[in-house]
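So, here come the structures, one by one.
Both complexes below contain chain A, partnered by chain B and then by chain C.
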Partner chain A sequence: MNATIEKHTPKLMVLPTFLILLIISLVPLIYILSISLTNSTISKPFTDFVWFENYKKAFTDEVFGTSLVNTLVFAFSVTTIQTFFGFLLAYAMQQERKLGGVMRTLALLPLFTPPVAIAMIWRLIYDPNQGLLNYYLMKWGLVSGVIPFLGDKRLALPSIMLADIWQWTPFCFLLCLAALQSLPKDPFEAAMVDGASGWYVFKRLTLPMVAPQIIVIFLFRLLIALKVFDLVYMLTFGGPGNSTQVASFYIYRVSFKQFQTGYGGALSILVLILISVLATLLTKGRETILKRIE
Partner chain B sequence: MKKLSHILGMIVILGMLLAACQPAPAPTEAPKPQAPTAAAVEPAAPEPAQPEPTEAKPAEKEFAGQTLNFLTIQPHNVAAQNLATWFEEATGAKVELIVVPYDNVIEKAVLDVTSGANEIDVIEYWYPGLGTLVENDVLENLDQWYVDNASWLKPEDFFPVYFDTFTKIGDSRYGIPYDGDMHLLWYLKPLLEKYDLQAPATWDEYLNVCKTITEGEKGEAYGCAIMGAKSPLILIGTYLNRLGSFGGSFFDAEGNPSINSPEAVAALEALVEQSKYALPTPSAVAFDEALGAWFSAKAGMVEFWTDLGGMTDDPASSKIVGEWGVVPLPKGPGEKGRVVASVNAGFGVGVSTGSQKKDLAFAFLSFIANPEVAERYNTVVGGIDPVRKSTLDNPAFIEFVGPAVAEAITAAHANAVVWPTDAKWFTLQEPLTDNLSLALSGDKTPQQALDDTQKAWEEILGK
Partner chain C sequence: MLEAKSTNSLESAFEANEKKTLAFYLKWVFFGRPARIILLIIFLLAIILPIFYIAMTSLKEPIEIRTSGALLPRGEITTVNWVKAFANVPLLRYLLNSTVVALVSTILVLIVAVPTTYSIIRFNTGGWFFPAWILGTYVMPPIVVSIPIFAMVKMVQLQNTLAGLILVHTMANLPIAVWLIDSYIRAIPKELEQAAWIDGYSKFETLARVVVPLIRPGVLATGVITLILSWNEFLFALILTYGVKSNTFPIGISRYIGEHGLQFGEMSAAALAGIVPIYILVFLSSRNLVEGLTRGGVKG
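This part shows the complex of A and B:
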């Protein structure tokens, strides 16, 4: 009897936490899934059961399609650039004792700044008539007329990406730095004793050893980038046209501007499925890459 | 398949149970007839700095020690602060302001009631959202309140265009008119005089003035600033200025969508053409960008609300003090062409069904509706434009805004065009905003954009 209790004690101890986590995770999901099968509005939830009509509608919704494409383009672009520059900076700063502390402090500033403030700063920078960017571009003779960064459909999404890269590269830098600093010293000392060149050490030691962490950083950052909302809301409201319409912002418009919570729920579930599929594929890809490195 | 149906059925039942467990909105009382407080019907209190020997002691005030939450929009923050101060002086009640961006006010009010939070007592609402608020049971019905307070309220003093549009759904009223916002055309005299141009009376003249100045100034200034940022209030407002004057409308006389009528398409074509010469780039120009260009003499003309004169004459923010003129919006072409004043961004005030302090909320509503209090908030800078005929005729108001603006407002009332207030409007305005923006960005022709909007509206309305 005592042995049985002793055997199951750890499981029983964990059970309350497990149940709480299960409820916290599943309840909203079940709620959204249920509401997505109805024509609910914000004040009349669970009215007019329509099965998969909202999902059918989503597949023919051009704006939703555009928003998904924009979301993927945005997320993969900024994540790749941020991880690349974050790693480069971290690698350069890893050896730098004097400037390292200052750099780490500076890197924290964009992370401490509220996203709304960041968006306002960039809105002022991009302003065609009084913005810093146009002022200096014209002063230095690089352009002859003002550039409407947020008003041109070809430039609006890259302009939001630039703001996002400024905001999130330090995040990648700090994580990459932590990854680099956690590497064991012995292999590097041995390589130095053997007279290996800097490039050889980087290619044969640093990169393979740090790759698993870098891939995790990429994945982590990608999942955050897929949910971009604040910069779009503050800078362009999804325009011009639908050139910066992203999935989170479109779901917000459907759910809280048009109050169609049933349809908004269906869009949320579809985005959730898409992100889950992407995360699974990328995790599999990570395993493949790691096997090759080994 | 049967198993799948069972699972889905279970999920739906579970969801419904969860919904049933969510906090329900507080039971709403039938609107009580509310006699105006003594403070509300008496003449407005003098300026705060002046002593008031006849006023009752704070301890004797009717609502002393109570607090009321008033939902207002950021551009009206100063006006709301004034109201809070005056109301506290009159009744002893403290007014806490819940300030949100202008385009979030309807969703904030709806979510407050539907979530069961019930924090808000009195709501300042953007009038196209009135139907949405009523459909979601957010505003108290004021029919009885109007009957009981007619003697001092003087409903006949409200401009009819505001009174019915801002407050009435079906046969019932749910609010009072508060801010009568309509667009006029403001122009910068020195810039037009430099090119020997007159303020435009037609949209063709407007295009000519805008083009002449923009081409002449070579980037130093622009003939016009057009607000075309992708927000319903901004973009549809700018379009309505043209739609109405070209003789078009959102719906025909039978209530069917008519957004792709020849007049509507011509109006959008005109907007797209004008935007080529406007302050770059209309798609990214919202209030801040337009005002920045206007105050710094970089825009020759701007379509803006009636309180722009007061803001422009503030030397702290403007370089063009006293250098502006104002006229009604230009007339559209052809037989159907007319001069209009679009009521973009008008606001009403109502009592939340979720309010836990109904007596206090109705007292505050009465205070705002008081003609003498209205006179006070219409004659200080705060972004509130008159909704009463008596305010517009008042010498203090004419002196405050200047005779030219008062005259333009008076003329504009005869030609006001308004936004729909139907409960479906918030759903309908989204595809219109998308398609107007797509036309401005060149992704669709005006005809395509409005055909697509018509199709979307017919689907939404089941026509």
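This part shows the complex of A and C:
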């Protein structure tokens, strides 16, 4: 008896996780896949079988198209900016040891600030009448009238991006710093003995050596950025118009505000396919880049 | 060590350059020490400024907030916003709900995640597929599974209860917890466990008595991270709770603002009420947190 338990212990250890994964990924996937073929509503699931009507509808749904474009623009912009500045700051930090402890602790704060609080902070900063940004822009005479950052179709998405950049740049900074510090020291010492200049060492040693990890950081962050929901929900609710409509938020609106869970299911499947394709392409792209560096 | 050297070499490289032309000075200002320090100070201020701003706003007179968005209060500082926020909004209830959900779900996550991670790494349980499945689940946007999760929670009659949210947070945070604990278990030398087996320990005993004590910093970091993720979580709390008795802080406060509106002073105080506990936790465990986050983040 004991021997049997002992033999199967490894399986017993993963059993709860296996069951949980079934409940949170496999069962839901089957559920939305089947519900997407029906005209279900939130109170009456699995009624009115319509085959691929929902998918056809999705391809002609302009708002869905806008939400996909916005999601991609958002995710690629913030990820690029955050990785770039994160790396720049980490490189500077690596050479200024004294600030290290303080900076690391402070860098944790934005990442762990509740998104609802981040939304409140930035709503206050952007407010046309009582906000910090407009107050100083007006005071210093940089603008003639107040700017409705979150109420302007062109400015709303970049304004959300700025809040996101505040939240996530420190995280990219921490990851880049860890990547820089994990580099082997010998090549750098050799370069120093040879009297190579700082710029040369950076270009020829640091950058190529750290590139694989930076690309991983970029991909990791990108995949998280594609999920964007909280800040949109709390800062603009997708508006004005549909200018900040993003995929997650649109699916939420269709499923839980218009109660069309069948259509919401179809949109979910499409978004999932898009993300999987994107992830595969990017991983392939990463391998190509790495080969080129070698 | 290395950092100090590389700075010296940069400067000695400049010293070697005997003709100190304008280009030399420009280069030093833009790429040398001053540039680095200025960059880091800007970074520091950018992190602090928004938090400092709402802290100041929460201490301003409501009339002053309406007329000026200045950073520092001009008049007397006051606690009226704090008093009003706690009097008008059921903040304590929200915070209590959040605390219960975050604590219980974190304990459950750790109980499930540690043995799983150990089994995957040491016994290669589930081969390549299981870890890939866990990672895939983490990458999947939660909104995609929100309809079925909502249906399942309703099926077991746990909608609008803390228990329902606790279960969902436990399941939702499990992938990230496994991902975070992974590198800590990898770092343990196999020989230690083999010695334990020879001493007659079962696999479970080895995990509990040898492995867990060794990865305590990792378990702690993972626990703090999942605790905060649960505290901050928005989407599932949004679709699964709809009353004061089960609303967590993020949903409670955002619903309250949506229904009743809130003056900026009170809003700042309310936001800080949800921020402060997290920041205390971060300051207490910052060293572990940085280690935990960066170990998980950069492995290829």
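Simple rule for what comes next: the second predicted complex is superposed on the first by the 269 of 294 C-alpha atoms of A that agree within 3 Å, B and C clash if a C-alpha of one lies under 4 Å from a C-alpha of the other, contacts with A are read in each partner's own complex, and residues count from 1 in each chain.
Operating definition for what follows: contacts are C-beta pairs under 8 Å (C-beta built on N, C-alpha and C of every residue); 3 or more make two chains touch, one makes a residue touch a chain.
As the structure is a computational prediction, the values presented were derived from the model and not from experiment.
Annotation for the three-chain superposition on chain A: chain B and chain C clash. When both complexes are overlaid on chain A, the residue A:Asp152 reaches chain B alone and has no touch with chain C.
Residue contacts after overlaying the shared chain place A:Asp127 against chain B and chain C alike. Of the two partner chains placed around the shared chain by superposition, chain B is the only one that A:Leu33 touches, whereas chain C remains out of contact. Counting residues of chain A touched by each partner, chain B versus chain C, the larger count belongs to C.
Shared-chain residue A:Lys257: touches chain B; no touch with chain C.
Judged by the touch definition given at the top, the superposed model places A:Gly141 against neither chain B nor chain C. Using the contact criterion defined above for the overlaid structures, shared-chain residue A:Ser248 touches chain C, although it does not reach chain B.
Applying the stated contact rule after C-alpha superposition, one finds that A:Gly239 touches chain B and leaves chain C untouched.
Using the contact criterion defined above for the overlaid structures, shared-chain residue A:Val63 touches chain B, although it does not reach chain C.
Comparing the two interfaces of chain A, the one with chain B and the one with chain C have residues 27, 31, 35, 42, 45, 127, 129-130, 256 in common. By the touch criterion stated above, chain A contacts chain B in their complex at residues 27, 30-31, 33-35, 37, 41-43, 45-46, 49, 63, 126-130, 145-146, 148-153, 156, 236-243, 253, 256-260. Across the interface of their complex, chain A is touched by residues 1-7, 9-10, 13, 16, 31, 33, 35-37, 39-40, 43-44, 46-48, 50-51, 53-54, 57, 65-71, 112-113, 115-116, 118-120, 122-123, 125-126, 130, 133-134, 136-137, 139-152, 170-172, 174, 178, 202-204, 207, 228, 231-232, 234-235, 238-239, 249-251, 253-254, 264, 267-268, 270-272, 274-275, 278-279, 282-283, 286, 289-290, 293-295, 297-300 of chain C.
Across the complex, chain A meets chain C through its residues 2, 6, 9-11, 13-14, 16-18, 20-21, 23-25, 27-29, 31-32, 35, 42, 45, 88-89, 92-97, 99, 102-110, 112-117, 119-125, 127, 129-136, 166, 170-171, 173-175, 177-179, 182, 185, 188-189, 192, 195-199, 201, 212-213, 216-217, 220, 223, 226-227, 229-230, 233-234, 247-249, 251-252, 255-256, 261, 264-265, 268, 271-272, 275, 279.
The part of chain B that touches chain A in the complex is made up of residues 8, 11-12, 14-16, 18-19, 107, 110-111, 113-114, 132, 135-137, 219, 229-231, 279-285, 289, 292-293, 296, 298, 426-427, 430, 434, 437-438, 440-444.
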